[in-house]
Amino acid sequence: MEAARPLDALNKARNQRVIVELKNNKQLVGKLKAFDIHINIVLEEAEERVDGEVKRKLGTIFIRGDTIILISAQ
Amino acid sequence: MEAARPLDALNKARNQRVIVELKNNKQLVGKLKAFDIHINIVLEEAEERVDGEVKRKLGTIFIRGDTIILISAQ
Amino acid sequence: MEAARPLDALNKARNQRVIVELKNNKQLVGKLKAFDIHINIVLEEAEERVDGEVKRKLGTIFIRGDTIILISAQ
Amino acid sequence: MEAARPLDALNKARNQRVIVELKNNKQLVGKLKAFDIHINIVLEEAEERVDGEVKRKLGTIFIRGDTIILISAQ
Amino acid sequence: MEAARPLDALNKARNQRVIVELKNNKQLVGKLKAFDIHINIVLEEAEERVDGEVKRKLGTIFIRGDTIILISAQ
Amino acid sequence: MEAARPLDALNKARNQRVIVELKNNKQLVGKLKAFDIHINIVLEEAEERVDGEVKRKLGTIFIRGDTIILISAQ
Amino acid sequence: MEAARPLDALNKARNQRVIVELKNNKQLVGKLKAFDIHINIVLEEAEERVDGEVKRKLGTIFIRGDTIILISAQ
């Protein structure tokens, strides 16, 4: 996940597991399947985690970009 | 609900029951009937749920996209 | 209120009584007379309700779209 | 204040006294002199009211649209 | 400060002392020297006031429009 | 820092020391080196101040415009 | 990191370690690899710091621009 433009970096993370931190302090983990310029993203096999422990299994989810703080490769 | 672009994923969920989590921490469940690029969505047979229990039946509802955190296939 | 695009759904609700939930947790009920792409709406014979009881009669009101969480057909 | 488009409704209220409710819970009352598509508005002979009582006389004021929840004809 | 469009009203207040109320509840008073469509404004001889008393003298200031609730002619 | 348009005023303050007040109540002081229409700005020799005392030296910083309340010439 | 336009300043900081302060009061440190006009950025070898101490190692991260307050060269 390195590139001249930020979205190129997201593109390199496609199909890999990523951690998504939300503005409401929740952490979602899953395989990055899709994203767009608003940073709306789709995760597969997504889980919500608290302190590193799985709290909920969520399956495939669509996350609205404006709720996201950061995305990191796991 | 898997696709190259996030909205394609929503399109695959059309007419299926989805869970919508809002920024005010409420959870709405219903059949996804329509959405647009702002992630404004229409749910049919919608219910508000708290801790997995139905709190209110809402019928058909229009949800403004900027209040949405995530949408998951049930 | 069912349609391929969310605004079509609002269009079907025109001249019907709808419940509008706002981000400040207030609930407004009235006849839907007009809306636009920002989800700015006009309600006629509007009332503010708390726990199902009428708190204030407001007459005809213009509501700015960015304060709206959801609109449901009554 | 009835019309097919929300701004038409505001246009019908021009030169009439309206109540403007703001996101900070304040209520401003005055004669609607001007508005634009952002719902920026100008009120003449404006007053701030609390519980129906005049708290401050403000004269002519410009209100930025994104602070407005709703506008009602008095 | 009266006009068909809200920005015309601001234009009439140019070079006059105005009161600017901000979303953080502060009140700034000064001579209106410039504004644009975002309601970014420049005040000259600006002061911050609390309960009608001058708290700080600020000189010439640029205020970002999205922090403004209302502008009134003094 | 006086001009017909707000950005002209910022232009006159270029290379001068300015005080920038942020929405999180922090105050940054430094030499204004650059700005754009979003009011993103670059300060040189920047310091964070609390009650007029230097709390941190920050060197050259980029400040995102939407966090800014006001900019004043020192 | 000095330039006529704010983004030029970010460009000069490319491949250097920067400190990014977020609206949620967190501080992220890493090598600036990419940015765009929304100030979305990519950091490499990123760490979250609290009071100058490393709290978490994050690897390569994408940060959504609207969560950023400021970026400083370390």
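Lettered A, B, C, D, E, F and G in written order, each chain numbered from 1.
Please note the rule applied: a contact is a pair of C-beta atoms (placed from the backbone, for glycine too) under 8 Å apart; a residue touches a chain by one contact, two chains touch by 3 or more.
Only a predicted model underlies this, so the values are computations on that prediction, with no experimental measurement involved.
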Contact-graph distance - origin subunit B, target subunit G: 2
C-alpha-based rotation, subunit A on subunit G, 0 to 180 degrees, nearest 5: 50
Mean-CA-position distance for subunit D and subunit C (Å): 19
Between subunit B and subunit E, centroid-to-centroid distance (C-alpha), Å: 42
Interface hub residues of subunit G, defined as touching at least two other chains: 66
Starting from subunit A, with subunit B taken as the next chain, the full ring order: A, B, C, D, E, F, G
Residue numbers on subunit G that touch subunit A, as the complex places them: 22, 24, 28, 33-36, 40-42, 44, 46, 58-64, 66-67
Subunit C residues touching subunit B - in the complex, by the definition given at the top: 1-10, 13, 23, 25, 39, 65-66, 68-73
